[in-house]
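Working notes, structure below.
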C-alpha cells in the first residue's frame, strides 16, 4: 500500500545535540529502536510551530502509548541564534508545559544551520520526521500535516512487525525510483523529500 | 498491539436501508469486503453530526483512497421522523455538498429506532462504525472521536492483510473477555460498546 | 464617525411573518422601538447560517442585555420550501437549543422569496439586519461579519440617545450620497447595500 | 448604560518605557489624547498572549481606523527577564509580523514587576487596558475577553464626544461605589479590578 511514507526507507544519520530537556539522559535514535519515532523539529519563535506543530506533538504524546511511539522535540535554530539559546528554550518549555523530551540541535560555528538539521536536510520549521521501528526514515515533512493522514501513517507503522529482514533497503545505492512519483532521483531520500508538497493537503495516498 | 479497536472482531449484521444517495445502486457490506469501511451514522438535525461528525467524514473521504477505505453515511433517524424524511435529507446533502454514498436507515413502524441502528445497537448520533477488510466490526463509537486516534486505527486496519484466517473469531461464542478492560461481558460487541467513554478523549490505547 | 453603518438611516418596512417561536406573541418592529435590534435572517439548511450566523446570534444574546438589544431570528426560506416548513424549523430550534424569538418569513405563493426578504431586499442567507433605537435600518449585511466590527457598531448604536430629532433622515428622498464611498446612489439603502463586500473582512470604517 | 467599563473613569499614570518598536519615536498617553486607546500588555513567552491576546490586537488594528483607535503593545516582563530582553522581543515581533507600536515596560532593578505594570496594578498577562478619548482608564481586564463585548465597549467609547466636562471624575477621592457590583472599595480602580472575572465570559453588562 502506498502512503505518504517513503517506501524505500533509508538509514537515518544520528541526532547531534548539545543539550536535552525532559529526559534524565541524552536520547539517541539507537535507544529508540523498536518503537516508532516522531521527531518534531521546531524553533521557539516560529509561529507555525507554536500554533500547529507543537500542539500536534502534544496530541501525539497523549494519543499514543510511550512504549509504542516516541515523541521527540528537536530545537533546530537556524536564525535569531542569540535569542533562542538553551536558557530561552528552557523558559519556553516551562511556560508551554511541554513534557516530552526535547533536544537542542548542535550549533555549527561555520553556518547558520545546526548539525542535525543540515545532515537530515530539513527544509525549515516546523518539520516532522518519522522513523519506523527499525529506526529508518519513513517521512520527512516540512510544514503543516493534518492529524488524519499522520495518524494513519503512524497506525500503519505501528502495525508493522519489528522484523529487519522484512525490509530490503534496495535504495541504499540510490538506484531506485521514487514511490508514487516520477522523481527518478538517485536517492529516494533526496528525490522524495518534496513529495508531500505535491499532494492535496494531508492527502493519504494509501 | 491494543487499540481502540475491538480485538475479537464480530461479524456484522447487514445494512437495512430504504434509499440511497450518491451511488448508482444500493450498497451492501458484502460488496465492500476487502476494503476498510467507516460508517458514519448521523441525523441531519443533530448539531454534533453537523459540527463534527460529517466534516470528519468529508476529511476521511479526502484523506484516503476510495479503493482502500469506504466512507458511508447512514441516516439513522430516531426522532423528528416527520421532518427528516428522504426529501429533506436530499436537500441537506445538496446544501452541504456531501459526495460520499449515504443510505437511509430503514424505518421500523413499531418503534422509533430504525432497523440498522437497532440491530447494530448504536447509542445515538453521531456514531462511527469501523469494519475491517473482512467486514467485521472493529470499532463502534458514539460521540466525537479525534482525528489522530481514528487515523491511527484506520492505518492499522489498512495495513492488515485480507487474510480471513489471520483472525480467529474466538468470541463468537461470547466467552471472551473485553480488550483492555474488565467488562467480562459474554459478548465483546455488547460488553465493550461503552468502552471508548472510559478513555481520555481520543486516547489511542495502542 | 463613519462606520459599517448606513449613515442616512431609512425607515424599515414591517416584518411579515406567518408564525413565531420562543415568544408568547408575534413581534413587530414597532414593539422593539427604543432598543437596538439585530435580525438574523437564516435558513435551517444553510451551512453558513448553522456554522457562523446562528452561533453569532447566540453570542449576541449572551453578550448584551435584552432590554438594550433585541436579537430576532427570521427564517427566510427561498429554496427547498417543502422541507423547511414550520414543523421542520420547530425541530431544528429544539435540537440547536435556540432561545431567542424566531419568526417565519411569510411565504409568497407567486415567487420563491418570502415577503420580508423581498421587501427588505436581502441578498441571501445568512444576512444581518441592524436597526437603531428609532427602528431605522443601519446595517444590512449578507454573509459572514466578524464579531469585532459588529460589536463596535452595536456599541455605537447603543450609546446613541433615543432622540428622534437627533437624526435628520436626509436621504428619505434618495438624494444623498453613500457613506464612505462614491456610490452616488439615489437611495443609500439600495446604493450601499453591497458596500460591505468591498471592505476588507470585517473592516470597521469608523 | 452600564458596561464592562469602569464608570467613574480615573486619570491614568503615564507609560514608563525603555524602548519602542514600530514607531519612529516614543509614544506617550498624552500624545494619544483624542483617540480611544487599547494597550495590550503581554509577554512574548506567555502562551495566552500568543494564542489569544496578540491575534486580537492584530484584529483590532485591522478593524478600526488608526486615527480613531490606537492599538499599543506593552511588553511587561515580570518573569524570565534574562531571555525576554529587547533583542528577543525584536526577533519575536519580526517573526510574528506585528506592525503596531510596541513599548518595553521599564524594568525595575528592585522588583520583578516592571514600572508601568506596577503603577497600573496589572494582574498578569495578557491584560487589556482601555482608555477613553480623554486618556482616562475605562477597562482593565486580565485574561481573555471575547471580541463581541470588547467591540461593543470600543464602539461605545468611540461614539462618546471628546468633552472633558462630560465626565465628572467623582471617584478621584476613592469614595465611590463600584459599578454594577457591591465591591464597596475605596477606589473603584482597585475595587473593581477583579470584576470581569465574576462575569459570564465576555458578558457585556450594557
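The letters A, B, C and D name the chains in turn, as written, and every chain counts its residues from 1.
By definition in this document, a residue touches a chain if its C-beta (ideal position, glycine included) is under 8 Å from a C-beta of that chain, and two chains touch if they have at least 3 such contacts.
Since we're looking at a predicted model, the values are computed, not measured.
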item	value
Pair exhibiting more inter-chain C-beta contacts, A-B or A-D	A-B
Taking each chain's C-alpha mean as its centre, the one farthest from chain D	B
Centre distance in Å when chain A and chain D are each reduced to the mean of their C-alpha atoms	41
Between chain A and chain B, centroid-to-centroid distance (C-alpha), Å	33
Overlap residues in chain D, where contacts from two or more other chains coincide	none
Pairs of chains, among all present, that meet the touch criterion	A-B, A-D, B-C, C-D
Complex contact set, residues of chain B against chain A	1, 59-60, 62-65, 67-69, 146-160, 200, 202-206
Residue numbers on chain C that touch chain B, as the complex places them	45-47, 50-51, 80, 82-85, 87-88, 91-92, 95-96
